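Written below as structure tokens is the structure these notes are about.
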Amino acid sequence: MNSFGNFFRLSTWGESHGASIGAVVDGCPAGLELSAEDIQRELDLRKPGQSTVSSPRREQDRVEILSGVFEGRTLGSPIALMLRNRGQRSGDYEPLADLYRPGHADFTYQMKYGRRDPRGGGRSSGRETAARVAGGAIARKLLASRGIRVLAFARRIGEVALEDREVEALFTAEPAPEELETLRRSIYESPVRCPVADRAEAMREAVERVAAEQDSLGGIVEARAFGAPAGLGEPVFGKLGALIGQAVLSVGAVKGVEFGGGFALAAMRGSAANDPFTRNARGEVVPASNRGGGMAGGISTGLPIVCRVAVKPASSIGAAQETVDARGRPVRLSVQGRHDPCIVPRVVPVIEHMINLVLVDLLLAHMARSSFFKL
Amino acid sequence: MNSFGNFFRLSTWGESHGASIGAVVDGCPAGLELSAEDIQRELDLRKPGQSTVSSPRREQDRVEILSGVFEGRTLGSPIALMLRNRGQRSGDYEPLADLYRPGHADFTYQMKYGRRDPRGGGRSSGRETAARVAGGAIARKLLASRGIRVLAFARRIGEVALEDREVEALFTAEPAPEELETLRRSIYESPVRCPVADRAEAMREAVERVAAEQDSLGGIVEARAFGAPAGLGEPVFGKLGALIGQAVLSVGAVKGVEFGGGFALAAMRGSAANDPFTRNARGEVVPASNRGGGMAGGISTGLPIVCRVAVKPASSIGAAQETVDARGRPVRLSVQGRHDPCIVPRVVPVIEHMINLVLVDLLLAHMARSSFFKL
Amino acid sequence: MNSFGNFFRLSTWGESHGASIGAVVDGCPAGLELSAEDIQRELDLRKPGQSTVSSPRREQDRVEILSGVFEGRTLGSPIALMLRNRGQRSGDYEPLADLYRPGHADFTYQMKYGRRDPRGGGRSSGRETAARVAGGAIARKLLASRGIRVLAFARRIGEVALEDREVEALFTAEPAPEELETLRRSIYESPVRCPVADRAEAMREAVERVAAEQDSLGGIVEARAFGAPAGLGEPVFGKLGALIGQAVLSVGAVKGVEFGGGFALAAMRGSAANDPFTRNARGEVVPASNRGGGMAGGISTGLPIVCRVAVKPASSIGAAQETVDARGRPVRLSVQGRHDPCIVPRVVPVIEHMINLVLVDLLLAHMARSSFFKL
Amino acid sequence: MNSFGNFFRLSTWGESHGASIGAVVDGCPAGLELSAEDIQRELDLRKPGQSTVSSPRREQDRVEILSGVFEGRTLGSPIALMLRNRGQRSGDYEPLADLYRPGHADFTYQMKYGRRDPRGGGRSSGRETAARVAGGAIARKLLASRGIRVLAFARRIGEVALEDREVEALFTAEPAPEELETLRRSIYESPVRCPVADRAEAMREAVERVAAEQDSLGGIVEARAFGAPAGLGEPVFGKLGALIGQAVLSVGAVKGVEFGGGFALAAMRGSAANDPFTRNARGEVVPASNRGGGMAGGISTGLPIVCRVAVKPASSIGAAQETVDARGRPVRLSVQGRHDPCIVPRVVPVIEHMINLVLVDLLLAHMARSSFFKL
């Protein structure tokens, strides 16, 4: 189904070249200040056509709030958001109707549904994530009101990767909200969404190089959430990592996710991997290290939540690919038109907002039960 | 919540040292032949105490089917399964009540609930996964009736890892069910659940070495599903990879998951990462390669589903750890008692069954809609 | 939450005087022929302003299909439907902001959310049901493709009621689809939605009489579903009657529901209330009578499903009412403007479509499981 | 599916003559004091064999708490409850395997699942409601901690019914918790579960009379909930009345439900049916009357919630019934054995607990969202 979340539920709809795409957010508490501009700001961070590393195609996404807000505040009723599909050139899609583009969902949609909208990938288009960002923008505002902030950035593009020490240097021990906002701005000022200037420059060059060769590059997005209280997550199937995992793996090109030490823990010993406890400056007992990535037993520890997401290289490439068409006839395919040589920069805000959606859902669940009895 | 799945729903309950643990399976079609022995066989593959690499503790898990089966076949009503907790030594748990074991969920449960069952980890114990295996055994039978089979094995333990060519050599192009059953047997005959004999031996030695040093090791589990038809998975938030991701990340020590090329795709180019199409021997159009891990756009392609899961080293170690107790007083902790120096072998069947659960749920969803109109 | 159904899920959004209202249908099988006209036809049956018994207000509901349909057939993706709010006169709503209209939801929304949209009732307006009808129109088409048809009509308005024999005379033993379509047309040709001409005339007069007195009338809607196979419904909490019950009780003015013999069974004996079995002309074993209303043990029997719904008199009346405002100051309220003296005729199609939604959801659930093993 | 509720979810399992029946409660806040005795007390109020009006069959239901409670308080993990099936005489059920008892679910289960457990009705047995009562007992304790109490009683059996004034005389304007507990005790001291002594006596006689004639009687159960705050219920599909409606209609013999004025509102005028507002002694604005049954627009008003439920006469009767067997052969059936001539008294606690389950679920949902922003 096309919904995510239990207490704060985002549903998205729309095909890439239909009349419009949109989202419905159900379960947002009443009383949140919310304007179209709050959402537009987040959409603007996602849209393509912003630099040489992304498609020159222009999606002039103007969000309209159709319901759920009255006199600038949420009503508690569903918030319907719509983005008209403008600037899409459907053109003659007949040739595509018979073609399964390598790496795309054309084939599997055809197998599943017996039919599909071949224009721009239809429902499987990355454009659907604009609706997620719109919904995530609301989650972000709710979280901010509780001091919780999620940041994502390009950790790696092709061969260019941030080292651990470079990442750690970005964050102070307990970063203040303003610090995080400043860092976020610097991320989005970078065309590749990397806050370390020289690495960002190297990433940009790497993308331009493969673009010139009609090819594409993959990468890794890292996300961190600050300010989440201990206690979020449901301990068995709804573990914090399991829900974030589902959330980020539901983004098109994502092929892997890891938390804290992640795959590197596979080669480690317990004595090195465990997080012991200590007392912090306020006298509270807290984990002394964060190899668990801000979670233990599926529940947040109160330390930053840390995850990394593997993004495959963009499937649409200009270079020729040998394949067969829907009838099995050999085809030499060279994807024409506007496409991103590397989608990592565009995946960054989507990952950020998927994590916002998970956290706000868990926060609401937690508030219901933890407030019942004095703990 | 403690339930997984929409159409075939597994709910588990129970604390490690309570009276019993159990599972309820809701949504199983009526008419499946099912006996306690079918489930017991799977539980026996998971239980500890089977070799030097796992805890000498004996869980004599005898499953009882309490409902949902009549005269050897399922009724369509909920199937309740119970495993009594025998052979648990609760002993004096007072010392534990004040202690947050590093790497365990003691701290986060306390933060979330304000209280916890300190005996053997309570609800957060790995023992809960026995209930998942019991439910997964039913999913496995349903899938087998449709020619779908899931296999998992230890891909890596500590520094010892199977190479790609070793893994590929295990499987023929379109393995017959009997081949897969034979391979599965060979996996479970290995104490480390690795079907490549010399690697298995090296893994075993590695585990014994760290065990002697009172330490533990992590690893990687790989799982493959064969026979799943094209068309499973819901294209947006319920992508096949997203649901498998949630499923495997809901297992205690799992800290990462990847599909097909996974994290390695981050450093690849699109021209190398894409799966083009071809015609198979039966004249059907199918993907010519499987870097996508059996899925594209969140939907199964009909090729084997491939995923790998990072398992952290076991948290309970005999080596001393410096930490603080629940009141913040410094403690030098050395976990005594029976525990696994490497839980990878025991995670193997759990991963296998979590994937069984995902696939049967998606298969039922698919059957409802795909049969409505002739596609 | 604002969603209904598990397999075929309708979500609605929108306030009465916002930009638009709408619905998202998720889970519709791919391949259904669907046009805006199919939906418009059902909306036209619901809209007000059609006779002296309903409000002279004109809702020019033009539905737009925004997604999920391509080249005249459903894609399997979410179908987003939108109706712009035209012809609403918001005017000066300040006076209403401080007023809790008797019988309306103003007070409870304020208590629940701390705020509300006072224009035309906001989310609590009957206008929301237009979005349900739009979604129900799709359910109706799916059901029709399987030979299932739901009919609703005014059984009673004020003191004027159809007798049992008059209702039974409307239906042959196994009515053909065309017969039912003809009957349905005759229902909607009646301004009060009653297919028995003289009763319909008496109902119309009763409504006009109370309207002249600035008052309103309640009534009973009866609904019958034909062609549903035996086996629909989940036997415990998801009983067929329980789900239809929830569905119809979720319609604004509905205050009661009964199935088959209903409340009259309370005064009967088992020997008279039971439905024994017989063989029909085709030699099949079927219930010999239908006091159970087409269900037994929560599951459809294959006979017509029969339910009746109590509709309270419209809350908005011109006659003066003594009440207090939101600050507790005494007010003598006389609701001005366009409102229906009896909403029974407008509730008729909503009830019909809510039952369509229940049946299509159960049908999909049933198809998934019953096709697994040959029964 | 066999689960009810979203935040506080009850799942039941078990066949009448299987090894045991049970329930799992998921989502109960941690910290509630809970013992087996708390649950046993409620079960004892439901069990048969307590008087001449109910079956002499003895169900010695001893509940066992298998999980979720530690040192007398809930842990926040699932609470598994089990009742062993003792004192059931399965005997020779072969004759039943071929028979569809009139009024029972034998036929529909066979149609749905292709098979069934013929012993005592299997899953469709009223015995399943013992598991609901066990779960409802936990809901009841949670509600009591917030000052919310639900009462149910026999309002009518056969021709004997309480008049409105008799019912109103049972309750003071704002009954204190102790008053309600006293009234509840008097209800359960009556064999027919009616707190008005002379009516109760007349009901008892009516039941004995039909029992002597090998027949059965139906009736009406009324339930009232006190102390629920304004604001419970979700305004569209999850209206308070819709959820209570689903809950009570999911009980076996229930064929109708109404709220407040209910079906009588169908013949009323708006001027008489509306609830205007007034100020109470504490200066708060509240509804001045309660024809809406404690709800408006699907949300609780803070006044008592009032509903009535139609219960059909028990299906099992000793009197001969002409029917056909599963193969269509004519049978003259006279149900032998222990059965209730009137199940109204046994439905009373089940209705009470189903409403408890609805209210605790809505209360938890409400606490999550209403506490987010200061309203």
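To keep things simple, chains are lettered A, B, C and D as they appear, and every chain counts its residues starting from 1.
Criterion: a contact is a pair of C-beta atoms (placed from the backbone, for glycine too) under 8 Å apart; a residue touches a chain by one contact, two chains touch by 3 or more.
These numbers were taken from a predicted model, which means no experiment stands behind them.
Trainee: In how few steps can one go from subunit A to subunit D if every step must land on a touching chain?
Mentor: Shortest path length, in steps: 1.
Trainee: As a test of understanding: of all chains, whose mean C-alpha position lies farthest from that of subunit C?
Mentor: Of all chains, B has its centre farthest from that of subunit C.
Trainee: Would you say C-D or A-C is joined by more C-beta pairs in contact?
Mentor: It is C-D, judged by the count of C-beta pairs in contact.
Trainee: Just give me the whole-number Å value for how far the CA centre of subunit A lies from that of subunit C.
Mentor: One centre to the other, that is 40 Å.
Trainee: Round to the nearest whole Å and give the separation of the Cα centres of subunit B and subunit C.
Mentor: Computed from C-alpha means, the inter-chain centre distance equals 46 Å.
Trainee: Can you check how far apart subunit C and subunit D are, centre to centre, with Cα atoms defining each centre and the answer in Å?
Mentor: 26
Trainee: Residues of subunit A that contact two or more other chains, please.
Mentor: 1-3, 12, 27, 30-31, 76-77, 112-115, 123, 235, 370, 373-375 - these are the residues of subunit A that touch more than one other chain.
Trainee: Give every residue of subunit C touching subunit A within the complex, in rising order.
Mentor: The contact residues of subunit C facing subunit A are 1-3, 9, 11-15, 18-22, 24, 26-27, 30-31, 64-68, 70, 73, 75-80, 82, 112-117, 122-123.
Trainee: How about subunit B: which of its residues touch subunit A in the complex?
Mentor: Going through subunit B, the ones touching subunit A are 1-4, 12, 100, 102-105, 107-109, 111-115, 123-124, 128, 156, 158-159, 210, 215-220, 229-239, 241-243, 245-247, 249-250, 252, 254-263, 265-279, 283-285, 287-288, 292-293, 295-302, 310-317, 319, 321-324, 326-328, 366, 370, 373-375.
Trainee: In their complex, what parts of subunit B are in touch with subunit C?
Mentor: Within the complex, subunit B contacts subunit C at residues 6-7, 27, 29-32, 76-77, 142, 145, 235, 364-365, 367-375.
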